[in-house]
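Chain IDs A, B, C, D, E and F follow the sequence of writing; residue 1 opens each chain.
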Amino acid sequence: MSTNHHSVELAVESAATPAPFYRSVGDEADVFRAAARRGLPVLLKGPTGCGKTRFVEAMAHELGRELITVAGHEDMTSADLVGRFLLKGGETIWVDGPLSRAVRQGAICYLDEIVEARQDTTVVIHPLADHRRELPVDRLGTTLSAAPGFQLVISYNPGYQSILKNIKESTRQRFVAIELDFPPADIEVEVVAHEAGIDRRTAGALVRLGNAIRGLQGSPLREASSTRMLILAGGLIAEGLPVRSAVQAAIVRALSDDPDIVRALGELADGVLDVT
Amino acid sequence: MSTNHHSVELAVESAATPAPFYRSVGDEADVFRAAARRGLPVLLKGPTGCGKTRFVEAMAHELGRELITVAGHEDMTSADLVGRFLLKGGETIWVDGPLSRAVRQGAICYLDEIVEARQDTTVVIHPLADHRRELPVDRLGTTLSAAPGFQLVISYNPGYQSILKNIKESTRQRFVAIELDFPPADIEVEVVAHEAGIDRRTAGALVRLGNAIRGLQGSPLREASSTRMLILAGGLIAEGLPVRSAVQAAIVRALSDDPDIVRALGELADGVLDVT
Amino acid sequence: MSTNHHSVELAVESAATPAPFYRSVGDEADVFRAAARRGLPVLLKGPTGCGKTRFVEAMAHELGRELITVAGHEDMTSADLVGRFLLKGGETIWVDGPLSRAVRQGAICYLDEIVEARQDTTVVIHPLADHRRELPVDRLGTTLSAAPGFQLVISYNPGYQSILKNIKESTRQRFVAIELDFPPADIEVEVVAHEAGIDRRTAGALVRLGNAIRGLQGSPLREASSTRMLILAGGLIAEGLPVRSAVQAAIVRALSDDPDIVRALGELADGVLDVT
Amino acid sequence: MSTNHHSVELAVESAATPAPFYRSVGDEADVFRAAARRGLPVLLKGPTGCGKTRFVEAMAHELGRELITVAGHEDMTSADLVGRFLLKGGETIWVDGPLSRAVRQGAICYLDEIVEARQDTTVVIHPLADHRRELPVDRLGTTLSAAPGFQLVISYNPGYQSILKNIKESTRQRFVAIELDFPPADIEVEVVAHEAGIDRRTAGALVRLGNAIRGLQGSPLREASSTRMLILAGGLIAEGLPVRSAVQAAIVRALSDDPDIVRALGELADGVLDVT
Amino acid sequence: MSTNHHSVELAVESAATPAPFYRSVGDEADVFRAAARRGLPVLLKGPTGCGKTRFVEAMAHELGRELITVAGHEDMTSADLVGRFLLKGGETIWVDGPLSRAVRQGAICYLDEIVEARQDTTVVIHPLADHRRELPVDRLGTTLSAAPGFQLVISYNPGYQSILKNIKESTRQRFVAIELDFPPADIEVEVVAHEAGIDRRTAGALVRLGNAIRGLQGSPLREASSTRMLILAGGLIAEGLPVRSAVQAAIVRALSDDPDIVRALGELADGVLDVT
Amino acid sequence: MSTNHHSVELAVESAATPAPFYRSVGDEADVFRAAARRGLPVLLKGPTGCGKTRFVEAMAHELGRELITVAGHEDMTSADLVGRFLLKGGETIWVDGPLSRAVRQGAICYLDEIVEARQDTTVVIHPLADHRRELPVDRLGTTLSAAPGFQLVISYNPGYQSILKNIKESTRQRFVAIELDFPPADIEVEVVAHEAGIDRRTAGALVRLGNAIRGLQGSPLREASSTRMLILAGGLIAEGLPVRSAVQAAIVRALSDDPDIVRALGELADGVLDVT
């Protein structure tokens, strides 16, 4: 197993791969491009599974930059982003964290749901997110200047944030905000058909079901049926599973554990999909 | 005691063992097979002791894949799953965690009650549970691509989840959901008789008792009498213990500490088993 | 001071010692023997000081197995049970924890009040408590199969458990449950006389006092006067202390700090023991 | 990668750079200069994005002193400020923290939102903030006397402080307090135009919008539209983005996640900017 | 500085010192002697400053045993009692904790306010407090048998215990309980005069004041004026401080921070001491 | 950078420096001298900024003893006071903490706001604060006897203490208590003039303002205007700042963040100082 400094290149997405499949809906791409030209950091808002990650992948591809993605969580500290010394044999080796790698290589660093991380990440995010574009690396006693092309992108889901976990105002004000939502029906059908590898008619039925669930009044669900879930259901159908089983497994039972809600969603699905 | 890298093979279940005894009830096996063909991760829902673990063992055997099982708990971190450097003599040795082993070997990794683990496990579960199928190993500064055959399976018990401990929506949406419950009486009798090594008449009496307890209205019990408990009682009977003692020890006293409830369950058992 | 691997034998109870003094009351020994024949784990329930530990010692002696006892506490982690690497001179030595020692030697491992331990102990208890009978030793990257004769015994005091600290249902269902209580008067007199080294008349007076306290209606005491306390009082009497002083020191002042309760218990004791 | 002691010079701002753009509003510069002459520590109060950092940069430039900035956070300990021993090869090297560097070099050390740090930072702040001007470095078993020119500056945002996180009175009493706010319109227009690189007419429109939002009665916003946000919007406009998109991205969507508030702010912006 | 194993002898109290000054009040010495003969552990109850420590010192002297005292606190773990490996030069040295030293030397180990320690101390206290008289030393992989003469003494202050911090019943039942209180007036006068080095008339005035404060109805004080405080006041008087200043400093201002209570206590003191 | 054992001398205050400026008000100096003669520990009570630290400095100077000061905080442990082993090159070096240094050198150790430290500090404070005068150093396996002249002084601010953080009664009873407050006007004028380097007329105006603020009925301020704040204002005046600016910066804005209170205090100041 190789642990030296150069092997990490293998982990980043190569710019030579085919363009990720993304369909633009509003001015999100224009805002991203303007921010990229000026090196401004971007804050992505939107519900789970609406395509935030895919949007960043598409923009990174268009701009010809590497993309390094990190999922935030409540135990994440700045060391997880910046790097650590590791003991290897008798030697101490410094291993860059994902943020340091992005800073050195001029890559886009996408911190998914960073709001969940510990607050000491603020120390490394603030000087990278304003005019300084610097990453202080305390452990090395040095400060890295971000290479041209480096851009910080963070995401969060407004419907999720609790009072305890929220983006600090002093962080938020440093970012250009872009808001995404589930795409209009025609675009979503195209996306589901393409990603799941199913025909447009079946994809259309799944999107109708998705919109029917999203439109439920006074819904007790914490999240609506996302594009990601529709693609998952489509994938099971593509593997030969009956539509009803696929929808139950990827959408209905994923949305709730409550027997009454599961039954109601199942009846709604049967009606929309006409599989009775 | 050997601590080198290869000895871990000994810990995984050999595909050459006889098929685990499992009786299918609904479409759970079909959904699992479809998910397996596409490499989609699976979320198993169902009460304690209903056979979730046995179901995964049966599917792993049928698919000819190794199965690596890990029980989640509130102190579990991503390092428990991914691995650690250990000092051994003057040398530092990397020891893969169970998830890394499964990723390298293309095994099924079953994370039982993963919802109880610390949230930094999210970092390693998300990229394995979507189209990336990658495991970032920060400590090695590298990222592992999952070998063909690798599949992630997680379980949880909906009746258990508190407000504090729940699967994040952004995790849940990545999984195909399968729901299990206690089997119908005829299948459960077959299972209990086989596993405990008792005749079908005695197994039938135990299953009748199990269903009587499950059917109690307004039951103060946190859990119902599970298939696992019926098998345990059968096992004690097979060792020569009187039915009444066995049922008291494996079912009644296991279900409650409250003297009144223990007495009531005991009377219920005497009535159902006709041992007065 | 010896720290090598073999010295630990000295800590386990030798099977050649005389049989621990235990008087059976119900079917507890039969259930234990049946569980032992099948290798099933046992859960002991009962109040503090009623003889749970002594019962396990007697069963281990009868079955000719070594007994390794560990007291659970809220800081106990799985490493306390499984073992650790220790640095010694320039060398790293693995030192088995008590559970690993029991697994290798086929001993009975008695985890007293394990419910108080941290939940990561679940990871090592579950696979040992079901059909697998395996102990995963992550630090060594290996899994130990339990030697024949290994049996897991855990105890807890139902009167104690809080909502926060309770045995997980998924743990509890793996165990055969045995419930103990204070013995009937004639057996308790025999036990107290034997253990404290006093005559049966004095022991009888102590047991009468114990039962009088246990029978108090609406008692404000958290625990009743246990067999263990009666033996302690007997021991002070055997050392020549007046009965009244001994009962005050070992029973009355041990049961409460409240001056009113202490006075009332003292008067009760004087009446029962007729020492006014 | 260089980790030796001298490389840290690269991280501090050179006094030879052009003067930071700052326009004085009240007596803040006079108070700062008087405090600097006497070596008294300064406490900066004011809302997020009003220019506290820029003010310190300007004063440091005028006084010809180096400026070392640290962002406080809830995981920050005194070791983050004072320094640590690091293992490098077989050698242990002491690496100064930012506060120690400032103390040795006679620099201004700006601790931004220090109130969020852990309280053990008190130990190093108190003796530096009174007549002693000393930094105890426990790890080295020594105490550093601050070089001439050393000055401690801390900031906090009164609107933010919770009951749990507040500056200790015994800390606060050691500091000279300066209060900043958003500048008057004419100065703010000059600042926005200069920093964003846009004409004064467009900057004027942005400032009008900023003041309209700040003047909202009973505003549900936690923070008002800051000077920093106006500059960010201006930057996007300078990159060719339409004014409306720029204002949405840098101001409206940054201020709130609530759809109703976002819509209302958008309408307010359209009215003020006359872009309908 | 010497860190070898033998230097610790210097820390224990030599049995050749003169007898500590203690005046017995009830049967406390008889109970202690009986417990000592049988090797039973002792629990000392009583208010702060009533002489618990001095009582143990006196008993240790009479029995000719060494006394090792440890003050419990909420961060104390079993390692603080049992010992640790320390790195010294290139070598790892085991350093016994105070409990291990007492176990090896057959000394009395007095754990003051042990109830405040962390619960993992239970693991080392239980097997030492029952018939086993063993100390498991996990770090060494061994178990120490207590040398003859070893005795465990713990203390606690019933007025102090909160619901959260209390002695576990399973711990408490292993101990012989002795209750101490402030001594009767004549004995207390003798103690104060002797310890402070003042005449009996002045000591008598201090004891009258102490008893007047202890007798206050509905007192808002958390603790009463202890014997220890009277001795402290006497000591200041012996140094030439006026009685009134001494009583203010050692008793009145020590008992309360509330200005009204301090004034009332001061007037009470003036009246009792007749110093107006 | 020197890290050897002798360099710490540089950190303590030399007895040859001129006497700290302190004006005695009541019997505080007499009580301190009596406690010092007998080696009794002292507890200083009083509001922030009233001169507690200066009083200790003055007493240390008069008694010809070194003074070692430590600021308590909620992360402080006994190791911070006693010392630690540090790795330096290939060697392990013990570095005394401030308390150990004071114990060895017979210095006065002043623990400022020790009540905020973690409770394991109790273990080192108790045996130093009673007749034993010993410091147990567990890490070295030894116990230090305090050199003649060693005296322990702790301070706390009664107005501050919460229910959670209070001095344990068993700690408090070991100390002689001295209470300080802001000095009478004539003494405070002398102090402010001397310390700030301003004339007595200006100092008198500042003291009048201080007393006016202290005398506010139903004040919403958590702390009153302290002597320390008056000195700070005087220092800014001495640097040429107008009185009004100086009072705003050092007193008004330091006392409150509330705009209404700041305005009211400003008007009060203008009236008292007659600067309108």
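Brief remarks on what is shown
By definition in this document, a contact is a pair of C-beta atoms (placed from the backbone, for glycine too) under 8 Å apart; a residue touches a chain by one contact, two chains touch by 3 or more.
Here the structure is a predicted model, which means the values were calculated and not measured.
If you take chain E and chain F together, no chain is in touch with both. Annotation: the chain A:chain D pair of sequence copies touches via predominantly different residues, less than half of the used numbers being shared. Centre-to-centre separation between chain B and chain D, using Cα means, comes to 52 Å. Taking each chain's centre as the mean of its C-alpha atoms, chain D lies 30 Å from chain F. Residues of chain B found to touch two or more other chains are 87, 90.
Around the ring, proceeding from chain A in the sense that reaches chain D first, the chains are ordered A, D, F, E, C, B. Residues of chain E that touch chain C in their complex: 27, 30-31, 34-35, 37-38, 40, 43, 45, 77, 85, 90-92, 94, 118-123, 126-127, 134, 136, 138-143, 158, 161, 169-170, 172-179.
Of all the residues in chain C, the ones that touch chain E in their complex are 1-3, 5, 7-8, 10-11, 48-49, 69-71, 73-76, 80, 86-90, 95-97, 113, 116, 157, 160, 222-223, 226, 228-229, 232, 235-236, 238-241, 245-246, 249-250, 253-254, 257.
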